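The structure appears below as structure tokens.
Going by the order they are written in, the chains are A, B, C and D; count residues from 1 in each one.
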Amino acid sequence: MEFALLLASGAAAVPSWVLLAYLVAGVCFILALRGLSSPESSRRGNIYGMVGMAIAVATTLATHEIAGIGEILAAIGIGAIIGLTIARRIAMTAMPQLVAAFHSLVGMAAVLVAAAAFLNPGAFGILDAGGDILAVSRIEMALGAAIGAITFSGSVIAFAKLNGNMSGAPILLPMRHVINLGTVAAIVVMTGLYAMSPAAGPGEGALFWIICAAAFAVGFLLIIPIGGADMPVVVSMLNSYSGWAAAAMGFTLGNTAMIITGALVGSSGAILSYIMCRAMNRSFISVIAGGFGQDASSGDKGPAIDRPYKAGSAEDAAFLLGQADKVIIVPGYGMAVAQAQHVLKEMTDHLKAKGVEVKFAIHPVAGRMPGHMNVLLAEANVPYDEVFELEDINSEFAQADVAFVIGANDVTNPAAKTDKSSPIYGMPVLDVEKARTTLFIKRSMGGAGYAGVENELFFRDNTMMLLADAKKMVEEIVKALD
Amino acid sequence: MEFALLLASGAAAVPSWVLLAYLVAGVCFILALRGLSSPESSRRGNIYGMVGMAIAVATTLATHEIAGIGEILAAIGIGAIIGLTIARRIAMTAMPQLVAAFHSLVGMAAVLVAAAAFLNPGAFGILDAGGDILAVSRIEMALGAAIGAITFSGSVIAFAKLNGNMSGAPILLPMRHVINLGTVAAIVVMTGLYAMSPAAGPGEGALFWIICAAAFAVGFLLIIPIGGADMPVVVSMLNSYSGWAAAAMGFTLGNTAMIITGALVGSSGAILSYIMCRAMNRSFISVIAGGFGQDASSGDKGPAIDRPYKAGSAEDAAFLLGQADKVIIVPGYGMAVAQAQHVLKEMTDHLKAKGVEVKFAIHPVAGRMPGHMNVLLAEANVPYDEVFELEDINSEFAQADVAFVIGANDVTNPAAKTDKSSPIYGMPVLDVEKARTTLFIKRSMGGAGYAGVENELFFRDNTMMLLADAKKMVEEIVKALD
Amino acid sequence: MDFISILSIFVLACFVGYYVVWSVTPALHTPLMAVTNAISSVIIVGGLIAAAAAGVPGAKWLGLAAVVLASINIFGGFAVTQRMLAMYKKKERK
Amino acid sequence: MDFISILSIFVLACFVGYYVVWSVTPALHTPLMAVTNAISSVIIVGGLIAAAAAGVPGAKWLGLAAVVLASINIFGGFAVTQRMLAMYKKKERK
């Protein structure tokens, strides 16, 4: 069948053991993610991941004639030094930025690989009998480069917004939907043209470079209208794309490890985006369309700053906490900003020493990336079996004496349950108001959460506001507990 | 690479669309099992399964020259009539037997296919250049036939034991472990010899037939020492084997649908066996080694028939049930034997009409196959959201007024929690004794459960024994409730 | 297909099988057994190949016998599964 | 490998990915993001192929650049994951 021949990958004479090695590498990657189903197995999983990568790299090096091994080892060495240094130095609170930064590198690497394949197709075994690049390979190359470029520029913007190098506020260009859709359509059309153009040898392929340039622009245009706090969804989405790009490259090279990885990463990004959107009760489309979300740290706005509320001091809080039988702590983005996790752990130790039962309740989108709070608490040595997901602990607030909300806001807002007109309506929230007393640590009455909506709870009778930086406030509470 | 050539399947010139069709069939089978993750999606899943099978059959017929389509259609037609008739007529309580019977057919079909391939290797594309059967194909054929034969004879015995055509008591031959291991070893050796024998054309392959005969014997010998109530584990295990056999055949034919199916069925059987063994707290090896399990329905044995116990009548039971706020019903094997599910449903309707809250608690190995009780309750129109798994309901017994145990015994035995010397020690059990009153329906004080151990609960103060056939007893309770 | 492709497919299918079976709800374990029975009769493909081929009558009759047995299983298995699944109902909301 | 084999592998890998990711506990979603980052750098394979080939210097330098970027990600990604995972501890039983 001609169709079958057309689609067959060029590199047919690969020995069996090589294919087997890539399969093993792919299986190692599966086991790496599988390990993450529980903290105990996760460390072993990570080792599998490293082993898989080592197998993939070693197999590739062993099966290609290498013009200069020195340069390659140097390149790997440089990468290793930079990577390990970053990994050692980075603060846990900066994880969202780091992930975005790493994504941008993957995206760029994909573009570079596609470009290299374009310049030296022979090395990739994607030439047809006439010395031209195969049509399928052209499509795969162009798509790989385009997705890589979008991932790169998108992730750079996401990084800048998350890292505070750029305001988190959405930048709304006029007609942006038209411009974006137009550019994407142009990329698709050009990819088709490029695949069909008859003699596009290394010299004539200007189309390829135009596709790359347009894709860089799309990544940029797509992300700037999206608010800072929606960045995690975007980063996940880009992650998913980069997975599919890797899979496309795997098709070109007939490489099982890449295909499996692509499917894993693609699924992971898509599922995490879905989980976040579901937990915020927003549609994925509305996130991508952009415009939502103010700068969470902009402070002092909102109408109702003159409503009466009960303010308290660290001593008041320490008294209430010390008297309690059961305390549930609800951390949020503010805890990460203030880096208050360590002193918070100190506080729980004090409370436990007094015989108070302490648990942590984590909302699925507390903080700025999935699992953000869990990592920070783990960093502060909070045992993970004292940390509970929303579904598992929500019914316990009714029996708690104190709900201690530190830097969380939207994830506690009862408007999500009652007010149909609220932008967060329908989002599952933690029922902190059911506790006998609710303590709220935040810096000001004005500063809203990421969704920019008023939180009714601040003005309730059984709420006490502790207005200060989270870290300072908890430090004072610890002192008062002594 | 020679190795790669050796292993390459003979049928290389298969058109792409055929491979694609088999892949689609395989994916349909995945979706069929995936559907079973919830009752709502399960019916759609079953349709996927049928579609997948239709695709596989149609593709095979379309891509082979057919000498006589009439005969083939007749064969399918005969099978369809028999199969549909059985499916329509069978009583739900006879499911364990039916599954065993169906397994025996799969096993026999595998033997027949392997034998046909042996007689006409050309049709299967497994000849080498010299007109001999390929060595790998010989191994796959011999293994396929052997596993099929074991599945066949083993399932026939399992059927006979479950259906009562044969006593469920284990038949223990002297030296059975030596005989079995010896025969299995002989099969393995003969398979090796057969693969290596130089000119085993269709005429000379006596070894092949000896392997088949030996495997039939192994299936028989392996299963007769295993007690009747362990049959479900055995049936699952055989199911798993037949899956792996199908996968081996898939390797021979290079057929994706068979490989995927084999992996699905193989996993399913293995996982169900594992789940059953875990729920009984027994090792898989001890089940296979045999000798455990008496005939559950043998009645009148056990030492303590003269201990005092409280017996009750249907009227007593109806009174207690009618007064209760919350009743938890625990069905077991005896309900299936007595076919009491329909009248039980009637009883719950009466109770609900009186405002009593009624729930069902299902132990993972209640009855004689996984999910047995769920099917029977579903047959009697009990909504599945009133039926709960052990983990989900066990804590509720403490709040129940009546635990209504109907034909269950071992799965309620507290010896599993306390008595280290009991054969069921460590098995998770339903905490029926925590209810205010426990009612037990069984036919006699002597008849033990499948594990043959005394149940301490019968003699407790808050237990009332209702000694009668389950169906009759519940009918009388319904009358008394009116 | 070459051997390594088949092996790769098999390995991945085992992972899929593992996950897909564990995600089956325990209440549907009996239908699971019935439906795996039905789908494992995909070896009917082998029977059809043998039954379709001319030349060796012995192989042909064995093939036809395999087709009969596998068909019993396929039709019986799917039908009985369908019958069981049709019984699982939710509480009607009144 | 032929196209259909690759496609089959891809389709099954998608099923595996779906199940394996859903089975990740939410508490480890951040390490999940980090480790998928690391493994998606398996495109280093493409970079190595380009960097190894003699002949076209442009392609070679692009390849080397890709190797550097992917290596940062691989080493950084696995290391930071390891660092995070090392922090997840159970309550010590006293």
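Here, contacts are C-beta pairs under 8 Å (C-beta built on N, C-alpha and C of every residue); 3 or more make two chains touch, one makes a residue touch a chain.
Quantities reported herein were computed from a predicted structural model and do not represent experimental measurements.
In terms of the distance between Cα centroids, chain A is separated most widely from B.
Should one ask which of B-D and B-C has more C-beta pairs in contact, the pair is B-C. Separating the centre of chain B from that of chain D, both taken as means of CA atoms, is a distance of 41 Å.
Separating the centre of chain B from that of chain C, both taken as means of CA atoms, is a distance of 15 Å.
The mean-CA centres of chain C and chain D are about 36 angstrom from one another, to the nearest whole unit. Centroids of chain A and chain B (each the mean of its C-alpha atoms) stand 44 Å apart.
Shared interface positions of chain C, i.e. residues touching 2 or more other chains, are given as 1-6, 8-9, 12-13, 15-16, 20, 23.
Multi-chain contact residues of chain B (touching two or more other chains) are listed as 4, 7, 16, 19, 26, 30, 256, 260. Here chain D touches chain A in the complex through residues 1-4, 6, 9-10, 13-14, 16-18, 20-56, 58-60, 62-92, going by the rule given at the top. Put simply, chain B touches chain D in their complex at residues 16, 19-20, 23, 26-27, 30, 256, 260. Residues 1-2, 4-6, 8-9, 12-13, 15-16, 19-20, 23 of chain C are the ones that touch chain D when the two sit in their complex.
Taken in their complex, chain C has these residues touching chain A: 2-5, 7-8, 11-12, 15. On the chain B side of its complex with chain C, the touching residues are 4, 7-9, 14, 19, 25-26, 29-30, 32-34, 36-40, 42-43, 45-46, 49-50, 52-53, 56-57, 60-61, 64-67, 71-72, 75-80, 82-84, 86-88, 90, 92, 95, 98-99, 102-103, 105-106, 108-110, 112-117, 119-120, 122-124, 202, 235-236, 239, 242-243, 246-247, 249-251, 253-269, 271-272, 275, 362, 364, 369-372, 374-375, 378-379, 381, 383-387, 389.
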